[in-house]
Amino acid sequence: MTMRNKIAVGVLGATGAVGQRFVQLLAEHPWFEIAALAASERSAGKRYAEVCKWVIPGDPPPTVLDMVVQPLEPTLPARLVFSALPADVAREVEPQFAQAGYAVCTNASAYRPVEDVPLLIPEVNADHVTLIEGQRRGRGWPGLIVASPNCTITGVALPLKPLDMAFGVRKVFMASMQAISGAGYPGVASLDILDNVIPYIAGEEEKFEQELRKMLGRVVDGRHVNANLVLSAHANRVPVFDGHTVSLSVGFERRATVDEVLAALRDFRGVEIARGLPSAPERPLVVRTEPDRPQPRRDRDAEGGMAISVGRVRPCPLLDMRMTTVSHNTLRGAASGAILNAELLVATGYVER
Amino acid sequence: MTMRNKIAVGVLGATGAVGQRFVQLLAEHPWFEIAALAASERSAGKRYAEVCKWVIPGDPPPTVLDMVVQPLEPTLPARLVFSALPADVAREVEPQFAQAGYAVCTNASAYRPVEDVPLLIPEVNADHVTLIEGQRRGRGWPGLIVASPNCTITGVALPLKPLDMAFGVRKVFMASMQAISGAGYPGVASLDILDNVIPYIAGEEEKFEQELRKMLGRVVDGRHVNANLVLSAHANRVPVFDGHTVSLSVGFERRATVDEVLAALRDFRGVEIARGLPSAPERPLVVRTEPDRPQPRRDRDAEGGMAISVGRVRPCPLLDMRMTTVSHNTLRGAASGAILNAELLVATGYVER
Amino acid sequence: MTMRNKIAVGVLGATGAVGQRFVQLLAEHPWFEIAALAASERSAGKRYAEVCKWVIPGDPPPTVLDMVVQPLEPTLPARLVFSALPADVAREVEPQFAQAGYAVCTNASAYRPVEDVPLLIPEVNADHVTLIEGQRRGRGWPGLIVASPNCTITGVALPLKPLDMAFGVRKVFMASMQAISGAGYPGVASLDILDNVIPYIAGEEEKFEQELRKMLGRVVDGRHVNANLVLSAHANRVPVFDGHTVSLSVGFERRATVDEVLAALRDFRGVEIARGLPSAPERPLVVRTEPDRPQPRRDRDAEGGMAISVGRVRPCPLLDMRMTTVSHNTLRGAASGAILNAELLVATGYVER
Amino acid sequence: MTMRNKIAVGVLGATGAVGQRFVQLLAEHPWFEIAALAASERSAGKRYAEVCKWVIPGDPPPTVLDMVVQPLEPTLPARLVFSALPADVAREVEPQFAQAGYAVCTNASAYRPVEDVPLLIPEVNADHVTLIEGQRRGRGWPGLIVASPNCTITGVALPLKPLDMAFGVRKVFMASMQAISGAGYPGVASLDILDNVIPYIAGEEEKFEQELRKMLGRVVDGRHVNANLVLSAHANRVPVFDGHTVSLSVGFERRATVDEVLAALRDFRGVEIARGLPSAPERPLVVRTEPDRPQPRRDRDAEGGMAISVGRVRPCPLLDMRMTTVSHNTLRGAASGAILNAELLVATGYVER
């Protein structure tokens, strides 16, 4: 399905690293067309090429070089906006856009924990999109906000979804080894990370717990109910460019063999409505059986960076099963994930064609 | 205490990376003097400078350059030998030396799991040295073998010792991020590890479990009894030169607050007899309270690479306490650790002055 | 132009890192079809999936997994073979294939310096292909050998070609910073290159001088004549995965301004016959004008890894002009380069459709 | 020689990366004693431990943790100050200290090119110290300013000094591969340098040319005369923590063989007065003869980071001789170098004991 008339979209925070990813991906999107780039006052009024120091791979799309950057005000010629704003700016600006009728797909953390804001990974919890009803009612918004989760927990929630459906996930131990690109640009100083590991990322472990419980939770009578699980996390930064790796031990409600776990992971295709979307991968999970996979450099680009690779599935002496996951933090875990959410909004009618 | 007449020692496997560390450290040791360097047939009979491609920091000590490398036969002019042999060679050669009357301090894994071979970290279990009695009786050896543990579990056993004494360690979750030097030379291919994580090290997770239970165990009536604990491990290799980092969650028999855990770690000095040894650090554990420490590059050299740094002590939602540890894998975790064991043998009379 | 019946090709040394690149690229080639994979005796007779530890990005193409690896004998069901053999094996095996009627496109260094073997970069010296006439006459071969140059000098010869045509290149200073993938797998030990530079690569500097003079030389009366230039090289290895960077100072016969040099680089399209080939980039040279480009990670993939990026063009106090170049060493500098050569052989009739 | 009463010194810009090195080195200096730490207004008035995020190896010396940081005003209880200020601040502040009678040993670039400011490496041009006479006369300063050179050119000037004395250095081609620590903290973003080379460092190539000519120049009748040489430089940043590597080609006035060059390098001890200084290395140059040395990680710490390692000495097809040098950029090339200059000031009486 390509659209005759593409949907005009805007990017908020278009000059940062995640904003650049949005611009790169949207420039070739079959449904969406970049109609506006917005950023802070410092950049507004200037040409994108002039204010944007391009830091991600490849070159900026030629079509955006001469676009004049707009201020962060809800007067953009678009109906749908992608937000790559810092959390504190997002907190203020995103409701203004929703209030003005825009559909906001945000990658910022500001509204992720809020009960009436769906925290979406289409293959995991597309049905949470119905929380928008209550959001609109409660806040009087003609527009809406849906949020993408933290990049690291995205790579955990996807493989845990089929395991939760099959065996009931109750306990999760995770130690992450996160790529430097997760911190944006300039982000992590090379003097801090070369030949080093930083065993701390501010606020990260708390987000993992909160967001996983929200995403694996259910919508009951139009309200969201968290999943009943306990998560213990260790967040580490390692000298890897892209791709978050997680050592994962999982405790189930029901016993499961390695083969049953592998089968559940392999068979997972996500909920029906998410399958045909332009950014949806053929397989949301890629199961690796080599003893030393997945690895971030070798697996981060699986299915265009949209599949989570899972491997080393083996019993856990303390919980039930151990495994390792790798996800692409700036694609599935950030810009591509938010675009997939927007596609879901179109497919479910929350954004009109 | 320096000795008028130093003890003549030999190094088995003197040309490899760990062998080089032994040579470097022993060249300046107050009690020991290098009397023989031995290696495989390929090197035997040639000058050390000729056969040894020096790969560790610094230059080889001038005094060893012209030493002729000996074959791996128990005819070395020494009473004490340090073994940096590969496991399969060690399995064959080390008993020959013990049989011939040598005290063997080995860094190889071959005899670590064997019940009558003490697996020693002096500050943790110096009393296990008494297993030598049974070893000698049972095998009819005039010599002996004592083993140093796996480099990664060394950095875990040391901080767990005071916690075990105070609160009883029953469950351990650990995810390691291990340095490339742990794999020897040439070891890990740069094409495998640059911009990457390898979530697998052959045999490593099994060693962690086995060796920790052995070291935290007790000697009862001259026989060794394993500690009663369950360990679940994830072993990862990261692009760090030296220094193993471990994300650690620990479950105790008795409840403990963060402050009690910090106090137990800070107060730990190891058993009495280990304290004055030349290679023993002032503090076996260094407690860091910055939010983002310990880090391998910044903390691996604490107390000359002999102290384990512990930080990020905080409660664990699943077990009792979370923390991060960093240890120097080629110093405390390999050559220096084995030398400290030899010093203990001298202090306890198993090697005569 | 796609071909109805693809040309059956073989890969010699199919299990190594460069062999894997050949396999990956040929699996999707519009003209060529993999009919045989050959390797040393150790692998021959076994399934490719079984003997090949895949080390390059992505997964092996499904179509080759079950192919049985052939021995290195000239009985492969193909007319054209790509050689990724080590130099010493290539020296023996490649003439056997040429003798048996195969066209050999080799990436090995064995025959590069030989006068009657064309050392080809199609955009630079497609006309050298005519040396095949003398090669066949002189050696009585029904087949032929053409060689691809050293990966580093490839990235220098391409930008120097238009400068040589316009201004006459007489003196070249170059200091290379070469990626680890240039050394194959396992290649460079991580203990040697992490947090380090190795200022030496065996034989490399001599190859640069010899090969550049050969490629910029001419064919006169069917014989090859070297270019008249002096090159001084410093070869360094740096901790970069893919992409060789070269600091380059060039002395010309005729004076040239920065603008004239930039124009010559920008206008270069290579010789006519090379332009339409399937692997030929739209622009063989990409000129960067940012102060800090080109960079290996950001520019190695320009034009699918087939374009050389050139930047920092500025006067040289000693010679005439300074600049920096970046090339993809395993694509343009190895497998893709050899495939482009094969395409040229088809376009010029040396390999029949 | 240790002093009974140490000389009270101050550090300007004490909280930055170079300032921290000064603090670390001066805390254990036999002649100097830290009496004052000064920094920008943001830090002034607070405890050093509170405002200084320690980024260099090791921990801050306990003695300075509680010192109150002073403002950058010439009222410090010291006679000698070390400046690690940014160039623009240095330009303003350093003359105020000289005017107020302080001897300023600066690592900043602000006054390096100024004719009456000695640009000092004691072993190279200790005699330039006499320029202080004219400086004081011309400016009416009771104090003085002497500058340390750029970290990269330091590692070039030292080996070129004996070659200049023996053969006359006339032409220099250099390509640097500089460590990230040369850019201070936070300095280079990890997203810019991991798996990458940056072929540009602002202003660096111009400094090399200017400073080398100044340091190899002479003092004639109390005035400085530049050396007559031409330098062409390529400055590159590579993912190395500490240690600048330079590929160097040198043209001489008189012919020289490899052996003569090696002898000149090996015999160099620097000028007489510099030899006994506390920070002066036994050998300012360490000649390596292995084919693949010097390397930054393996050679940066030679003689406590004060010796330049030189290797790969071989003829140059374009100039006379090629070689590779490695120097420690934050020790010899920054803090230790400035401290050595201060020691020279004491030895020559410009600073009183």
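Note that the chains are named A, B, C and D in the order they appear, and that numbering of residues resets to 1 at the start of each chain.
Following the convention adopted for this analysis, contacts are C-beta pairs under 8 Å (C-beta built on N, C-alpha and C of every residue); 3 or more make two chains touch, one makes a residue touch a chain.
Because the structure is predicted, anything quoted here is derived from the model rather than measured.
Peer 1: Of all the other chains, whose mean CA position lies farthest from chain B?
Peer 2: C
Peer 1: I want to compare two interfaces, A-B and A-C. Which one has more contacting C-beta pairs?
Peer 2: Between A-B and A-C, the larger count of C-beta pairs in contact belongs to A-B.
Peer 1: Using mean CA coordinates as chain centres, what's the gap between chain A and chain C in Å?
Peer 2: Chain centres of chain A and chain C, defined by C-alpha means, are spaced 40 Å apart.
Peer 1: Using Cα averages as centroids, what's the distance between chain B and chain C in whole Å?
Peer 2: That pair's centroid distance is 48 Å.
Peer 1: From the mean C-alpha coordinate of chain A to that of chain B, what's the distance rounded to whole Å?
Peer 2: So the centre of chain A lies 43 Å away from the centre of chain B.
Peer 1: Which positions in chain C touch two or more other chains at once?
Peer 2: 194-195, 239, 241, 297-298 - these are the residues of chain C that touch more than one other chain.
Peer 1: Note which residues of chain A are touching chain C in the complex, please.
Peer 2: Contact set of chain A toward chain C: 57-58, 194-195, 241, 297-298, 301.
Peer 1: Using the touch definition from the top, list the residues of chain B that touch chain A in their complex.
Peer 2: 171, 173, 175, 177, 194-200, 202, 209, 230-232, 234, 236, 238-241, 245, 247, 249, 291-298, 311-312, 316-319, 322, 324
Peer 1: Which residues of chain C touch chain B once you look at their complex with the stated criterion?
Peer 2: Going through chain C, the ones touching chain B are 17, 55, 180-181, 185-195, 239, 241.
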